[in-house]
Structures are given as structure tokens and as C-alpha cells.
Amino acid sequence: MSELVDAIVQIALVIMVGLLLPCAYRVFIGPSAADRLQAIETITTLLIGVIVLLAIIQGSAFVVDVALALAAFSFVATLAIARYLSEGRMF
Amino acid sequence: MIAEIVGATFIILGVFFSLVGVIGIMRLPDVYSRIHASGKVATLGIFGLLIGVALLLPGTLVKAVGLLLFLLISSPVASHAIAAAAYRSNVPLADVQRDDLAGVSRPQRKRSRDAE
Amino acid sequence: MIHFIFPAALIGVVWVLVTSRVTLESYFVGLVIGLAITALMPPPLPVIRWRRLPDQAFALVLYAMILLRDIVLSGLDVTRRILSPTMPLNLGIIAVETQDETANPLIAALSADVITLTPGELVIEVTDGHTLYVHCLDVEASAARAAAQQAQRLKLFKHILGRSS
Amino acid sequence: MNTLFALATGLMFGMGIFQLLRRDLIKSAMGFYILFTSINFLFLAVGAYDGVIAPYVDANNQTSSQPSDPLVQALILTAIVISFGSYALLLGLIAVSSRRFRTLDSDRIDQLKG
Amino acid sequence: MVLALVILLPFLLAVLVSFARMRASTVGTISALAMLTLFIISLLQLSSVTVLGASSLNIPWIPEIGLTLSIYVDGLALLFVLLITGIGVAVMFYAGQYFEDGRTAARFLALLLAFTGSMLALVLAGNVLTLFIAWEATSIISFLLIGFYGGDSAARRGASQALVITGGGGLALLVGLLLMGSAGGSLQIADLLANGDVLRAHPWYTAMVILILIGCFSKSAQFPLHFWLPGAMSAPTPASAFLHSATMVKAGIYLLARLSPALGDTLLWTTVLPVFGIITLLMGAVLALRQRDLKAILAYSTISQLGAFVALIGLPNGEGLKAAFVGILAHGLYKCALFLIAGAIDHATGTRDILLLGGLRRSMPGFALVTLFAGLSMAGVPPLFGFVAKELLIEAAEIDPLALIIVVLSAAFTVTVALRLFWDVFVRPGAPHDGVELHLHKLPRLMVIGPALLAVTSIVTGIGVGPLITPLIEPALGKSTSLYLFPPGGINLAFVLSMTALAVGIAVFVTRGWWLAWRLPTLTSGTQIYAGIIRAVEGLGDLLLTSQGGKIRYYLTAILTAVVLLLTIAIVRILPFEIQAIELKNASDVLKAVLLGLALVSTGASILFERHLLAALSLGVAGYAIGGIFLLEPAPDVALVQFLVETLATVLIILILARTSPEERQQAISKLWGQTRWGLMRDLTIATALGCAMTIFALAAVNSRPTPNSIAGWHLENALPQVGVNDVVAAIVTDFRGTDTLIEITVFGIASLGVLTLLARPKPGKVTRFRLRLRHPVRSMQIEPSGETEPDLPMIYRSRFADPVTQLAALLVLPFSFVIALAHIAYAGVAPGDGFTAGAIIGLGITLWFVVFGYQETKARLRWLHPTSLIGAGISVALINAALPLVFGREFLAFTQVADIYVADIKIASTLLFEVGICLTVFGGVSTIMEAISHPQEAEPL
Amino acid sequence: MSNSLLLGPIFIPLGGAALGILLARNRTYQQIIGLICGVLAWVCSVAVLLANLSEGIFTYNLGGWVPPYGIVLVADLLASIFAVMATTVMAAGILYVLGCRDKSVSAPAFMPLFLCMAAGLNGALYTGDIFTMFVFIELMVIASVILVAISDNRLGMEAAIKYLFISAMGTLFLLTGIAALYASFGTLNMADIARLLASGERPVLAQAAAVMLMCAFLLKSAVFPFHFWQPDFHTVAPTPVHAVLSSVVVKVGVYGLIRMTTLMFTAEAPLIHDLLVVLGLIGIFFGSLGALRTYDAKRLLAYSTFGQIGFILVGIGWGSPATLAAAIIYAVNHSFIKSSLLMLTGTISSRTSAKTSRLSEIGGVGNTLGFTSGLYFLGGLALAGVPPLNGFISKVTLIQSGIGLEEWLTVGLIVGAGVITLMYMTRTWQLIFRQERAETVQLKPRGDSVLAPALLIGLCLALGLFASPLIQVALRAVEQMGDPSLYIRAVLGG
């Protein structure tokens, strides 16, 4: 892999990780719980991107498996919280 | 070589859209519009990165497709659920032009401070 | 039997995707797994009919293309709005009928999913299995094209799902 | 980097302890969770190698890069599973006791004394 | 060794008697006859001891602690054996008459016989530990006898008090004896007696003597440990007569006499014993004067006599031993008789109050006669045996004027007491003072035989003291001596003083109307002091128990403070050490640092957020950030687990929030910052201190690495060749450290069972099954495909809860979760993911169902889902996999594969089965937890 | 082959637990399985002890991986003695469960949890790997927390929460110590750590690691100031659980302390010893007085355990071979005494409708139960150290060894505590068995079976009358521990 591409990927990784911070900020400031929730959802999504970039950097395809699980299942928590928010109680 | 260039381009695109999405999350006026921005990260941002990785690291192509599949299932559902939760817990809309949902009978939530 | 085989066959594909081993051997393993899963909890996957298979596949690919186009176009639009210093937003919630005569929740769900997937539109509520309430960043544009888009979507969905009508 | 992990261990531990000492049982349970997280950092900090690749070995190409310590990773896995099990149990206990004692204030759950 | 049988016989008889169903008198007679037999046997031994000297028998018992079953027979031992068995005859016989009920008598006599056996073992013991065992046995049986009437709270208190004093003294004695054994190099009495010089010169001498004296004084009721004896009078009278007058209380005297050759004749010994003895002598005599209760009078008088014996044993060169031995015999005879009579009076009149009694000679003439003679012996009137004893006592006291005065004074008071016992009870005319009418019960005619026997013996031994008693005393003294009723040299000082005492005693008796009316200041009694000490101890205990205040925060604070202190001590020793500089070598390190910062800030935010949901969300962010760190480490396996567990943990806490009442949570929340400033400062201080300690600790830990010889290197090298796995973490988890994993999943499984069991138990103690019961049977619910008009369409249900979007997601994700999970299992060795992640993933799929569809619909649709069985099955599979290699002669949990078989790159080996087991357990566990929390019956807010 | 016996005490109960979970619907099967597993575990542990005596230390490499790379089970005499003690009480506990009328006992999870507790305990004793010890201890802790939480006593929940929090502290300390050890030595095998500690220069962290491990073990044994959980947690437990917790489960910390001071941290041992004596004395003092002032038959025994552990710690802390042997003897004897007393208390409580053990409410309940009364009396005497019961042997060996070291103050305290023990045990016995029953107390015609406690009391008596074997084994164990190289060689070979 050429140095340029390597550099691009590295920078991309840094940016993606950097983007986590404003999202975290959104989690902290809200203002509504739904805001925080969607910020967390974004963090998850960004992390999927981070993993994908890491796969390129580390040159190992298996890292994508982690992203797969994250993509498929982290929203379970989001749904649970959303349901709690919209109904006040769960069951 | 071409794959590398195209791949890198898609990665730049993916990162760009992610960046835009996060800017949206910071800038947009209410939770509903911020959910749009968040969805953007998921769709355009990650799509770009996935295409990029599939090109740069050919071994991941199949997995990238699988990942995309799951993202297609989960991402809109999450956005929808959050939006519904926000609306049901009376999170205010920023100056809307039109609200067809106002007045439609919906499941009412129990009062809790948690949603505020 | 056919109700077992086809979901299982699709699950087999998913297995291949997930394990990233594109071999016939791997697919057969996936198929076996698919059969077991289908027996336990039949997933809501389209029922494939041999006669209509080309139709189904064609509709799927076509809709994928349309969706992709929509996503990219509205993505660019939303990008413009977000990055613009004045943030020209035109927020609002519109009601969109699924136009499905049976009010099938599956249609509603699929429609809601793809609408939400499109940047700039977000389904907030689905009532009675046929009315979608969509939050839009540009409420006028969305309202203008909503009904037509939904009609097209419904048609293609019916093809994809192998529905007779 | 390991030094940083060491600092994080201490910080996390301190925060966990503070949270643990709240009267609110749910907060205390969160403190419990934080404390176990800090232990993960400690294990990361004491890993034997400064690894740059994941501990995956391949028969044909022995890369010159140093893999990270697989043993501490296995230990962390075990610790995570056990602490999660305990955490679930703790939350279950709190849920039931909140029904029985009608409070989540740990100071009011003090019938056993003397 | 016949005397070994002498010890065993009473025990055997005790067992037999306790099972016997006979009349009381029969039991008593049998026991008395047994005692008589023993007495005769012992008497026959006397000659051999006289001829051959001391003899001993040793059977090793527990040689490690120096305990041998040994018997040491000499004159002293035999003297006591004769005393015990002889008086036992009278007491046992009397006891048979005393009890009306055969069962009670049997129970009582069994105890009494066991006591006899223990007492005989005590005096015959040839090893100090054997002696101690017997000593404790007598204390215990005494406790049981004092509390024989357990319904009486005073009896229970008295029994307890007696046991605490004598038992506690016994423990002191034990230490003293062990010290002596250590110093003397043996626990055998014979050796110790031979080693007296060594013992007396040993630095521990003082300690051992004091400890042994505490033991002996407590047992023999010496000042200041005397007060338990009057309290022990709630025992049935035969027990009081036998234990608390004639025998057990003399065990201390016996031991002092026994050890005086080894320990005696030092300044300490000859000071402490006479001083405490004399004090006790006087105190007992004085206190006896003013008692109203017959048994109390006798008890104090006994204390007084015991004091005299202790003082006598303490005299230098064994000068007082003769007087002591004679006194012990004489006292045993008359005091026991008097006790038995007191019991008879109590029996007949229902009272023992001397002020209420009087003129009983008409109704109880036999007892009056016996009392007369026993009293005369007590008063020391010739020619009774008591006279001889008193002469010898006074003679021995002649060495010190003060002692002499006290002895004579005490003798005088004893005369007074004896006179009161006879005159005021049997002779004094007129009705009782208080007008209380006495109900006289008819006593068994034979009851008088016991005391009479003793009184007659007092007379006979008094008159024939020379021939009868000398042979008993001589072997005990170990030298020849002579005894006589009247001194051959005519009237001597002792006789004069004896008569003086008699006269004074009579005088005091006559004036009793006058001095009994005195209002003396009530001195603080021993019992009160004892109660005071107990109260103080109890107060201390209460003070300590206040630390157990019930509030978990303070417990944790205390524990953590202790840890901080300990850790600080340990850490200060390693300071200063070199701290490795923070070097961020590459982008990955920088990103790790960023994520670390994010994790820490989020954690901090979770503390600052008051509301639970927000705190939980912050924690979720921290968890994901940590997952990112793991990814960058790089540790993909851990990262995967971290992401999944974090998701599960978040769901869990949300479900718990939904489960708990918002009001209660609000209440608890408002307590957070409403805490006092001081409380917050305290928490902050502890948190900071521990955080700092931990930081230094971790820095030091980092300083110790990298470790060149870490076993992880071996793991990296051997994962592929040994178990054919690329993922070294997977190799460690399933093979190299498979046991950890096996146990870890069991922990997880049972934790989830715990959650279920807890939540499924509405009330404590209510029995439930694992299977939760539905209020509405699932079958009756309407769950039909909504597309019924169009059977072609895939099924999607009308749900009570779910909106179509989430429903569709749930329906799709669960099957896919199986696919992904199976992929994790199949390729655990080459990719991130393993059985645990597989289980967690399916668990998340199930969780999604519970979240989307609720409990009832989920259970109705997934009828195959039996979470607890899954746990059991999972652990079973894992265990079967572990045990299978044993069948092939390999180790438990050994890596097994038939050959290098791959199906679609899936390695077919034991590991696969293990992974399946892990997956099943974790899947079952997660489902169990979710099922338990989402159970509808539990959802009702309470 | 004898090596595989080592698996028995750990994995037989574990298998029984798994089977028990599968058969959750049938309590009878569960109990039969439980009894079989309990007995088999006991047989295995005894066989291990015997093999140990004849062959010396032996090991079992789990999975066939050679130490220090894999996990190894090690049977030395110390572990074997503790394991026999544990399996004996566990088997008795299961026997008690069979005749127990508690409702909590009929919970489907009860027997599996009980067996897990046994497996965890035995595993913690036999393992030669410090991290595996942590895992086994967690198994034990989690199982016991649940068992207490589901108690018939309505405060079970409260105690369980408190213990779970406090126990987590112990877990943290243990993990911290393990991390430090791994950082310093790159290994988790205790023999390997011992070898490295003995051979090279001492890493800076050794002492701090020792402190952390010590805190963890002190917490598991409920030693001052880590004791707060113990009276609560033990008292509210269902009787068979209480019997096991208060007797053998608390000993796991004691075992850990002995193991770490004799095998690994021999250089730090003097410091630790001094601390142990101080803490032990405080425990004796606190436990005795606490028991004296507690009017609940179960709770006072929990306090008594606090005190008794103090005696054991003092024995360890005195640090000579004789005192260490005395401590081991004390630990074993105390287990049998305490478990039998607790079971007897349980049989009494089971006669009352309230299932309480408060003396004010169970006073006189036992006054018609002659056999139980006798057993309790014997147990009380054994606890107070009265001959010829086994408690006497403990006390004598401890005092003798203390005299050898001229530790007068401590010996004095032991004597004082003995008096107090005598006070509260006789008082309790009198109140339960000797006084008249209050009219309001309704007695149930049947209570829990006294078979298990009777057997245990028999054992106490036997261990008092025939104490030599135990003393000899303890002395041999101490002799074995005196030379850590034996252990190291047995595990690592060479």
C-alpha cells in the first residue's frame, strides 16, 4: 500500500476518533434524553468506521468481525432505552 | 493501484460525510433534525468507508457487504425508535412548518424525569 | 418444504457473508444452519417462487438502485443545508399513507425503514399499520414527492415480496 | 502508553470508589461497575509486551512485529465475564430489595445491625 | 490396676442408670452399694500403697500434646478416693429417698455418678492434662446439677455463674499446668513432683503458681472467687452436700496439696496461700452468722473451712498438711450430714429460712439427734472428730499470733453457727416469727439413714481417731504421724484456745437476738462485683456492636480506609521508583490516549449526573470508548466482548430503572448532594487517597515490566503448533486456561439463575419453579399472522406492543444473531469471537425480543426457549467435553481431535464442543436474566 | 491414576450442579444427585489426603499443559487437609438439606448453587494458579450470595447486597494483587512465583502485591476491619448454608493467608505475621464480646466465628511451625464444631412457626428435645474448648505453642475469650433447652433432621478423643510447608 493511502487512512482514523468527542459532548449536554441517545448511536456508528479503518491499518480482515457485531447488536440497547423513554416503563 | 486510489477516495468521502453528520449533530436546532444528521453518518459515512475498505483490503469485501446488510437493518430502526421516543416524551420540535402528528392519538408515556 | 428451503437458502447467503468464506462447502454449512434456524423461528424473508424469481430479483435490484440514488442525492442536499452558514431548514412532520390496501405492517415497516434511511426524512410514528408520520428537513419538497414515491415503492415492494397482486 | 494506563487505573479507581460510596444504590452499583473497569486498565498496563499487532499467529509468515500480550487479554475476558455476572446479580438484588424495602437509599436498608 | 476400674465403674453405672426405669429408692440403693464397693476396694488398696509407695499407670492417649491416660496412686489420692466414695454411699442412698419420681432420680443419680467418676479421675490422675480434663468435667457436671431445675431463672443464673468462675479458673489452671509442663519438661505428675527444684527456679514459676492458684481458688471458693458457692445452692440438696461441700470444692485443696511438693515452700506459696486462706476463713465464718437460708449458712461455713485448709497447705515444710487432711475428712462428714438434713427440712417444711423454723425436734426427732451430733462435731466438741480437726488447726496456727486470733475467732463463730443450726431449728419453742404456717410433709423413714451414717462416723472416728484415721493420713503425708483425741501431754495451748472458742461461741449465740438486729452496712458482695464486671464487659460489647450500624456506606468506608493505610505502608517502602515516561509511539497510542480521556470524562460525568438514565448513558459512552481502546491495543477479542457486554449492561440497567419505582429513585437521587459537606469531604478523601494509592501501585507495576520471561511468550509460540489455532487469546481461553473459562461460565450461569430465582420469588420463602407462570395463559393470546388474507406473505404478527418497524428488526435480527453466533463458534480460532461472544450475541437477539414484544409474546413465539435448561445443558456440554479425554487416558480438558479435519475451514476438535457449551451457557444466562426482568407479574409497580 | 482423584472434589459437584439445573423440576432427583456428589467429593478428598500422606505432594496438569503455562491442581497436605474439612462439612450440609423443612431449600436453584459453592471452595483450595483461585473464589461467592438472598429470612436480600458490595472490594484487591504479580514475574503459577521470588532480586512490587492479596484473604475470612458483612450475611442464610459459610467458606481466606506466607511471600511473612496477630486479637476480643451481647442463636455464632478466626490468625501470625500446626488444627476443629452448632440451632428454629433464632422467641423450645439438647451442649462445650472434645485439642495446641513463644498477653486473651465463650454458650443452651417455653410459642411436631449435626458432633467427639492423627497430619503439613522447594519441585519438576 502506498504511503499516501496509508497516510490518508491514518488521518481518517484520527478524524473519526476525533469525531467521537463532539458526540460525547452531545451526550453530556443533551438537552433531552433522546439527544443523548442519538449521540450514543452516532458514537457506535463512528466506532464501526474506526474499526474498518483499523482493519486497513492492521491489514487484518478479521477485525471487521467486531464491527459486524457492533452494527448488528448495539442498537438493542438503543431500542431498550427508547422504549423506556417513550413508555416510562418497559413491561 | 486504481483500487487504492478509488478506495482512498471513498474513505475520504466517508470521513467527510461523517464529519458533516457530526457537525449537524452539533449545529442542528432540535433532536429530530439531529437524528437526521446522525443517520447520515451511518449511511453515507459508513457506506463510504466500507467501500473503501473493500477496495483497499480485498479480503474484507464479503464481510463489508454483510456489515452493510446489518447496518441497513439496525440504523433506521434505531433512528426511528429514538425519534418516536423523543416525540412521545414531548421533546419540543424546533419551529416546524407543519405537524401532521399533532393531535393524533398515540400511546401516552408515564411521567418520568428521565426523559428530560 | 419450500417455506423452509428459501429462507434457509437466504440465511446460507448471510452465513457466507458473515464468515467471508465464499465456497460451496461453506454455503452448504450455511444452508444447514439456515434450515435449523428456519425451523426454530421463521424469519420474515420473502417467499421465492421459481416463476417469479427473475421478477423478484429485478425489482430488488431496481429498488436498490433507486434507493441508492435517493440516498446520495438527498445526502448531498442535507450536506448543503448543514454546512451552509444560515442553515436553510424547513422542518415539519407530514403524514404519508402506505397506500397498501391490506394495511400490512410489513409494508409499513419496510417503507418506514427506507424512508428513514434516506437522509432528510425520518419516520417518527407508524399508526394503524398504514400511516407513517415523517419528519423532514425540507417539509415542502418531501410533501410534494411523498405520495408518488410511496406508490412506486409499494409497487416494487410487492414485486420483491412475490405478492400476487 | 502503559504509564498512561496506570494513571487511568488510579483515576478510574478513585472515581469508582466515590461513586460506590453514594447512598443511592443504583449509583453504588455503577461504582461497582467502574471499579471493575479500572482493573481492566490495570491488566492492560501490566501486559508483558508493547504489542503492535493483535495476538494472532500465522504459520507461514512470522511477522517481525510484536503481538500484544494474549494472556492479559484472556485474563481481562474472564474478569469482564465474572464482573458482569456479579453486576447483573447486584442489579437484580437491588431491583428486588427496592420492592421489599421500598427504597433505594442504602442508608435506609439497615435493619441488620448490632 | 484396680483403681482404673474404680474410675470407670461410676461412669458405666451412670449410663445404665440413665436408661433405667426403676423406683427412686432402688436406684439410690444400687448407687450407694456401688459406692460402698468402691470404698471397700480402695480401702484394700491402702495397704499396698503404704507398703509400695506411689504407683502409676500410663497409657499414651494424645502424645503430641503430652496427654497420657495415667493414674498416679499414692496416699493423698487414696485419701480423697476414700472421702469421695465413703461420703458417696450416704449421699447416694439419701438421694434415692429424696426424689419421689424415678425418672428424675435416675437422671440426677446418673449425673451424680458421672461426677463421682470424674472426681475420682481427678484425684487419681497421673498427668496434669488428664487431671484437667477431669477437673473440667466436674465443673460441667456441677453446672448441670446446679441448673437441675432449669425452669428456675435463679438456678440458671447460679449455674452459669458457677461455671464461668470455675470454668474460667479452670482455663487459667490449664495455662498454669501447661506452663509447668513446659518448664518441667513433662506433664506427668510423677515427673513434675520429682522436678520441684527446677520448677521453683524457673522464670515462669510466679506465673504458673498464680495461674494454678486462680484455678484452685475458684474451684475451692477462696476469696475473692468465693461467691459462686452460695449461688450454687439452687442445686438439689444431695448435690450441694456432695459436690459443694464434701468433694468438688475440695478439688482445689487436693491439687494444692498434690503440687505443694513441686511448687510449695517458696515465699510466694507460703505467703499467698495462708493470707488468702485466712481471709476466707474469717470472712466465711462471719458471713455465715447472718444468713437466713440454712443452705447459705452451710455454704458460707464451708467457704470458711476451705479457707482454713488452703492456709494450712500454704504453711512451710508441710507443717499444716496433717491438720488439713484431718480437717477435710472431718468437715466432709459433718457438713455433708448437715446439708442432707437441711434438704430434709426443706422437703418437710417447704422452707429453709432459719427465722421461720423452730421446734422441729418433735416432728423430726431422728434428724434432731443427727443434727446434734453433726453440730457438735462442727463446733469441735470432744469426743467428736471435729474436735480433733480443730485442735490441729489451732496448733498449726500457733506460729503466728494474728493467724491464731483469727482462727480462734472463726472457730467461735463456727460454734455459734452450729448452735443455731441445732437450737433455732429443732429446739427453739414457739411458732415461727412471721406467722407463716409450716406444712409438714411426711418424710420417707429411711431418709435419715444417710445423715445418720455420717454422724455416727463422726463419733466413731472421733473416739477412735488414732487407729482409724492415722492409717489414712500417714500414706498421704508420706511419713508416720500420730493422732489422738486428747493430747498425751495434757492440756496445752490449743486445748485452752479451743475451749475458749467454744465459750465465746456460746456467748455469741446467746446474744444473737441482740446482734442479729444490728443494721450493718451492706458491703458490696462478690456477686455484685461479679455482676458489675459482667456489666462492664457487656457494655464494652454493646459499644463494639454499635460499629455494626447497618449502613453499608460506613462499612465500605472503614474497609477502604484500612486498605489505604495498609497500601500506603507498603507503597512508602517502594518509593521513590523510576516512573516510565509517557511515550505515545504512534498514532494508535495517541488515539488510545484520546479514547482514554473520553472514557475517564464519561465516567466522571456518570458521577456528576444526578439522574440514573444519564449516568447510565455516560457509562455506556465510557464502555464503548474502552472498547475502542481494546481495539487499538490491539486486542480485538477483548474489544468484541467489551462492546457486547457494555450493550448488555446498558440494557440491563435500563430494565432495572424501569423496574424500580421512579419515586424511590427520585428520593435516593436527592440524597446524593443533599449529603453533608463533611460526608462528601470524607468520600472525596477516601476516593482520592485510594485513587492515588492505586495510581502509584499501577505505576510501580508498570515499572516491573516488560517481563522478559512471561509465560505469554510460550502461549504465542505454542498456540498454533499445539492446538492449531491462530487466535492466541482463543487458544488460552479454551485450551491453555480452559478451566478458568469453564468456571467463569458457571459463575455467569449461576448469577443469572440467581437473578431469576430472586425476581421470581415474590415473597421470601415462597416456593417457585424456574419456569415463570403466566397470569394469562399464552395460548389464549391472539397471535396470528396478520397477512392471513394473503398467505403468500412472510409472517409478521400483530403485536400488542411492537410498532412494525422495531418488530421487523427483531424478527430479522434474532435469526441473524444465530448465524453470527455460529460463525463465532465455528471460527473462534481464527477470528475474534468465541463461545462467549456467540452466547452474548444470541442473548442480545433474545433481549431484543423481550424489549420489542414483551414477555408473553416472546414466550409464546419462542416455545423452545428454556433458558435455565440451556444453562444446565451448556455447563454439562462443557464438562462432558472436559471429561471425555479421560476416557482416552488423557488429561481432563485436554485438547482432543481425531485428526486434522476441517469442514469449510471449521476445525473439528474438542474445542468446538467446548465453545458450544460456553455459548449455550451464556445464551441461557442472558435469556434467563432478561426473562426474569421482563416477567409481567413482576412489572406491576408496588 | 491417583492424580485424577484431584478432579473429584471440584468437578463432581460442578457436574452435579449442571445436572441439578437440568433437573430443576424434580427436587428429589436434585437432592439425590446432591448427596451422591457430596459423598463422592468427600471420598475423593479423603483419598487425596491419604495419597498425599503416602506419596507426598502431587499435581494434576489440567488439559495436560505443563505448568506454569497451563493451570495445575496441586495437592499438598495443607490443601488436602482443608479440602477434607470442606468436603466433610459440605456433605453434612447436603445431608441436612435432605431433612430440612426450609422453603428456601426447595428452590430449584438451591442444590445446584450449593454444589457450585462446594466446587468453588474445593477448587480454590487445590488450584496452584493464583488467577484460577480468584475464579473459583468468585464461583463460591456468587453462589453463596444467591443462597443467602433467597433465604426464608426476609432480610436475606439486605445481607446479600451488602456482602456483594463488600466482597467486590475483596475481588478487586485480589485482582490488583494478581496483576502486580503478573507484572513482576510474568506468570500466574504460585510455585513459579515462589521460585522467582526466592531466586532473584525482589521486584519493587512484591510487598504491595502481598498486601493486596492479604487484604483480599482477610476480607474473605471476615477479619477486622473487613468483617462487617459477616454477622449479617451468615445469620440470615438458610441453615445449611449458614453452617457451611460460617465454618468452611470463611476458611478460604485463612488458607490463602497460610499459602501466601508459607509459599510465596516468605520474606514478607514476618510483617504480615505481626499484623495478623494484631488483627486476630482484635477479632477475638470483638467476636467474643459481640457474641456475648447478641441474643440471637445464629447471630451470636456468627460473631463467635469472628472470634474463632482470630484465634487461627494468631496461630498463623505467631509464625512458628508449632503455632501454624495449631492454627490448622484449630481451623479444622472449628469447622466441625461451628457447623454442627448452627445446624442444631436450625433444627430448633425449624420447630417454631416464625423460623426465628432470636433467643427471646425460641426460649424453651428445646426443653423436650433431649437428644438435641445433649448435642448442643456438647457442641457448646467443644466451642468453649472443654475436654474431651476437639475444641479442647485446638485450645491446648494453640496455648502450648504460644507458651513456647512466651506470648503471654495473647495466651491471656485466649483464656479470657474462652471464659466468655463458656458464658454465652451455656447461657444460650440454658435459654433454649432448659427454661420453660412461653405459652405463646407454638411448636411444630417435626423440625429439621438432627442426623447431620449428630454426625458432626460425633466427629467432634472423635477428634477430641482421638486427636493424634489430625495433629500428626497438621505437623506434617507444616513440615512440608517449611520447605517451599518441595512444592515448587512438585509443580514445576526438576
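To keep things simple, chains are lettered A, B, C, D, E and F as they appear, and every chain counts its residues starting from 1.
The rule we apply is simple: a contact is a pair of C-beta atoms (placed from the backbone, for glycine too) under 8 Å apart; a residue touches a chain by one contact, two chains touch by 3 or more.
Since the model is a prediction, treat every value here as computed from it, not as a measurement.
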item: Where chain B and chain F overlap in contact partners, by chain label; value: E
item: Between the pairs A-E and B-E, the one where more C-beta pairs touch; value: A-E
item: Maximum centroid distance from chain E, chain identifier (CA atoms); value: C
item: Intercentroid distance (Cα basis), chain E paired with chain C, Å; value: 73
item: Separation of mean Cα positions, chain B and chain A [Å, integer]; value: 11
item: Whole-Å separation of chain centres (CA-atom averages), chain C against chain F; value: 62
item: Mean-CA-position distance for chain E and chain D (Å); value: 39
item: Residue numbers of chain F (touch at least two other chains); value: 131, 135, 138, 142, 145-146, 149, 154, 157, 161-162, 165, 176, 179-180, 182-183, 186, 188, 231-232, 294
item: Two or more partner chains touched - positions in chain B; value: 35, 59-60, 63, 66, 70, 73-77, 79-81, 83-84, 111-112, 114-115
item: Of all residues in chain A, the ones touching two or more other chains; value: 33, 37, 58, 60-63, 65, 68, 72-75, 79, 81, 83-84, 88-89
item: Contact footprint of chain D on chain F as seen in their complex; value: 131, 135, 138, 142, 145-146, 149, 154-155, 157-162, 164-165, 168, 171-172, 175-176, 178-180, 182-183, 186, 188, 231-232, 235-236, 294
item: Complex contacts: residues of chain E adjacent to chain A; value: 587-588, 590-591, 594-595, 598, 601-602, 605, 613-614, 617-618, 620-621, 624-625, 627-628, 631-632, 634, 636, 639-640, 643-644, 647, 650-651, 654-655, 657-659, 662, 806, 809, 813, 816-817, 820, 824, 830-833, 837, 841, 844-845, 847-848, 851-852, 854-855, 934-936, 938-939, 941
item: Chain F-touching residues of chain E, taken from the complex the two chains share; value: 62-67, 129, 132-133, 136-137, 140, 143, 147, 150-151, 153, 156, 159-160, 163-164, 167-168, 171-172, 174-175, 178-179, 182, 207, 537-538, 540-542, 544-545, 547-548, 552, 555-556, 558-563, 566-567, 569-571, 573-574, 577, 694, 697, 700-705, 707-712, 714-715, 718, 735-740, 742-744, 746-747, 749-751, 753-754, 756-758, 761, 764-771, 868-869, 871-873, 875-876, 879, 882-883, 886, 890-895
item: Interfacial residue positions of chain D with respect to chain E in the complex; value: 1-30, 33-34, 37-38, 40-42, 44-59, 67-74, 76-78, 80-82, 84-89, 91-96, 98-99, 102-107, 109-114
item: Parts of chain C lying in touch with chain E, wherever the complex brings them together; value: 11, 14-15, 18-19, 21, 23, 25-26, 28-30, 33-34, 37-38, 40-47, 102, 104-106, 108-110, 112-113, 123, 125-126, 129, 161-164
